[in-house]
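One structure, pasted below without further comment.
Order as written gives the chain letters A, B, C, D and E; numbering starts at 1 within each chain.
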């Protein structure tokens, strides 16, 4: 019983961190631009595919494949922002609708280009580690989890500690006034959307070896990310992490002790509970 | 320092400013006065590059800035207190001030300037970790002024400086402005309180339905009958 | 001017009503499906287009209506003609609950929460195998004693017209003005004596009841309901139709529904590209003509005709 | 009825998560058309196939048949792969009195309803399960974990297997899972705890790839053998990339293997496939659709008509030879075997990334290898 | 007495915005509220109109405690307000903006009556020529007028005005003050207003309350307030402005 319990707990935490990373990109974009990027999951998937193609089909070492994939998604993100999001500034609902349509387009595009099968870049590391003599845990999972923590920390520092972070928040709140402070708002918006997408890409690259990508898997990624967003509070980075952990742990124990069939529903139940108790999310600010 | 030459400004289809020209010299406080809807804020917006003139030029230190985007203009050393304040609602007072010092020339003296603003408005120091959007109306106005000062601008545009400020604060502020001028900042002031503006400016222009109708030194305008009647209710 | 519009409308209606005589079984089927989407898109538009609440749970409400009506017909032998109303009623109750849960936050929260809700519904339908037969689909009885596409066609038309009249009434009424005030500035509307939460929930409940009714009707027409009825891809269709036709316009969703359904028949052969094409069309319209086909007509074509 | 061609309707998932099956179907259709039109067509007319998408969703399947019957006016429909779609379509085809020959929907319900116009020339759950149990007994497995996806098919086959395992006196536990679930650590720990000799996994989706890879991580395999009961997931092209070495020794069920070609038709099919597409068929679904099309051609030929009732007569008397042997539809009402033709099934094990047929013995090319 | 507030307290996090404030409003008077920036004036308005609920104290309006009511309920009871930072419905025309107030309080009028009511108020505040103008195209002052029309359209018994005069020049201010007197005389609406423009508030108000740091520091007739040492110290400064 005990070893099982620790196994569930460990797996819950690892999955939680992975979820948090998957949600980080959307959370960032919501936080700084008030735009929900529905196509988040698809960008994640694309990054996975790119790293797969580079490393499996073209034989490029994953040390190079990873940055190339992230960079590509960054550029795609910028293109999306310039072509689709820019005209919608100030109209949150419209950007939501546009990115929703975009996500459907990208899904079907991926289906045509990559086919319906899952694709998996090679593991960075093989084997499994015996955890405290209680159970074995896949090494790749542990390494991906560490990479996720690393990325989360970098993003935190970037947003909380640099001028760039402050600047993007200013732009998100009042474009015109920000430009009166000498900020080139178009550039900042472009970069911050690109950054959010790049984080989605980074998540895709880091997680593809454990969870191979399929064209439709983006939907799940986005859904989990959105649940985390609402639970944690829109745009709050801390909320994103705590929300991810809650979902990871609850899913793990729920699947273990209640039912694996309803695994995905546990997240939703938490969501409803949170909305009852604190409508603006755990870390959300209450709007006036 | 700044020279506006015969500009025509439109908002959408409607023309707001007709052939407006004026100039501000270095180390001068110039007031633009006029009734509601005369186009004062529009004028400020066009200097800042938020609106571009259809014809005419705006020259700032020998550069034509009439077609440049606003972030580039502000980087040249122009700052403003916009009408309606436009505080960054979800950022703290401190962060608002820091953003004011965004431009490269202002960043080195960031800490010094923050201290200066806090001296000017002690209440800002008390509220420094409060979110901008939750400040009272007058506090927001102080923050907007402080934020503009953070960039140590060469030219400061003030749209409705005294809006919502307690009389005492307004008096202090006007004194500060005069000090600033003496320290080599040029100031363009838009005010409703004509009497007060004239008491503290060097020169003034009157804008009436989109056209400059009268210009002159403060004393000249003070004694102008039309102005006394239409704007000062005397 | 106004009179000629009415005559044109009646003329179109007459052509439409005579469809069963000459278009053949298959196209009749296509028309029935289009009418289902007219109901779905128009009622969604009431919510999203007029009150700015972009809900992703609309397809889920159709699913609730369909399953409720189907299940009670099978298990309790309640005639489908009554089941339709019970289905719509239950859907509106869910709408009320969901509305109370997330409407206070509005905006993006509402969108995301309704999205999650629709996933819950889909998961429950899939997992509650005993009741719903899961992905296998629930075979439900016919609405009336015998099966006739022509009769279904007329029922669908009648219900669509009733829905559209209700929607039209609402948006032209004070409620419609309140909708817009709220989407502009909630606090100010509240201070002017508008019970914001109630108005929002009213919109939510009306539109979910409509979706539930339409879903139930559709289920009884197809004789089969599967979890797909409440899936995101259904939601995408509804949204795409509204966007393509024109969001926030009365005729938009109607135009959009017929446009996409007809288009869908013509691009059938390109199976894999099907949804991709819909998506791209919707994206282009959303980007370059945010007011949709109806908007293009109002801005470009109508003034020209008026001039000439 | 068109003057110069005979149209046959095919339904299958060309989009959605099982789109791979649609691709395989398209290949099989090509080969079948080459074959029949090469012979000069049917009743002196060229044969044409209208291939409609089901997306793996019953409603879309129904819409596809609606179109095939009412717009294209096909005399008969074949195809489909999901049980749910098969069930929905059979209701409708029977209503329209249009013969429908099912290729790959395994649910017993389809034929046990004993509908006049519905035939199945592909596996049914009962048939598959009995094959598996025979194998389990032959190998002497004593303790099994039964993992099933929570869909109609998974739950259906689970129920049959549970009964059969009880009867065969094999000790077992059951665990439910999600078809597309990616993280199986929780389920796997429960299985670890139980410590079975064999894991019967009924998952028709990519989920099983993750399951196999993760089972190896937690140390469940190679001690225990994984048997995958849906066939294709173990044959999908990306299988090895996804599971890596964890795929070694995995067993699965299939209806086709290169080394087990029962007749000339099968050999011809294989050669033609390789010639036409320049590769070997990756799974057996292209051959499944080929199979049902051959049956359909034969029935039209024999009936010498496109009338539904006559076609049913011809099908009931069918004895055409297809790659999986000679077709004989059961005609006795009252069971799953009515209008059912069960192609022989093979149990195959991956040994050093090569398929080895290990059961039934008469076609086996090797023996089961355990750790 | 139309309204009596006793012991009102309200804080934001650690900041005490209102500390045990008592005041009353007589019906038919114009009561002024002044005080330094951040003293809590707008907060009092927000508490009176149900946007915030006070942590302590109660608000008796015509014999009913309204301190727990929500904004729209309070509006129905007869308190209307304008916002210091204007909040017009920007995407709607001026007419529609005012209609919202009428719909919220008088839903039973016929559409034609509603419209003529709305136009009546727009004319009254001087927006006669802007009936169909989109609110977003108004100037700041235009928006303030619109807010006033909207507030009046709810048929209030008590009207709260938050800095309606700011941004007007002296002449315009005169007109506005006349308007305020007319609102009292013609419509019989009691007025409670916040203003930083001393000349106006001293002249128009019958009585004035002074707030500082969330506490009431003075109350009385304008001329007494103007000479109150504490008020001069906290708020007015010693100049003549």
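Simple rule for what comes next: a residue touches a chain if its C-beta (ideal position, glycine included) is under 8 Å from a C-beta of that chain, and two chains touch if they have at least 3 such contacts.
Model, not experiment: these values are computed from the prediction.
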Inset, instruction - Quickly list, by label, the chains bordering both chain B and chain C. - result: A, E
Legend entry - Co-neighbours of chain E and chain B - touch as defined: none
Inset, instruction - With centres defined as the mean of C-alpha atoms, identify the chain lying farthest from chain B. - result: D
Legend entry - Distance between chain centroids, defined by C-alpha means - chain D, chain E (Å): 76
Inset, instruction - Mind checking the centre-to-centre distance between chain C and chain E? Centres are C-alpha means, answer in whole Å. - result: 44
Inset, instruction - Express in whole angstrom the distance between the two chain centres, defined as the mean CA positions of chain A and chain D. - result: 37
Inset, instruction - Mind pulling the residue numbers of chain C that touch at least two other chains? - result: 127, 187, 272, 275
Legend entry - Multi-partner residues of chain B (each touching 2 or more other chains): none
Inset, instruction - Name the residues of chain E that each touch 2 or more other chains. - result: 51
Legend entry - Interchain contacts, given as pairs of chains that touch: A-B, A-C, A-D, B-E, C-D, C-E
Legend entry - Touch list for chain A against partner chain B, complex: 163, 166-167, 169-170, 173-174, 176-185, 285, 288
Inset, instruction - Would you tell me which residues of chain B are touching chain A in their complex? - result: 48, 50, 69-72, 74-75, 79-80, 82, 86, 88-91, 95, 98-100, 102-103, 133, 147, 151
Inset, instruction - Could you pull out which chain C residues touch chain D in their complex? - result: 24-26, 29, 33, 126-127, 129, 133-137, 139, 222-224, 226, 228-229, 268, 271-272, 274-275
Legend entry - chain C contact footprint on chain A (complex, rising order): 30, 34, 36, 83-84, 87, 92-94, 96-98, 100-102, 104-105, 108-109, 111-112, 219, 223, 226-227, 229-230, 234, 261-262, 264-265, 267-268, 271-272, 275-276, 279-280, 287-288
Legend entry - Complex contact set, residues of chain C against chain E: 174, 177-178, 180-181, 184-185, 187-196
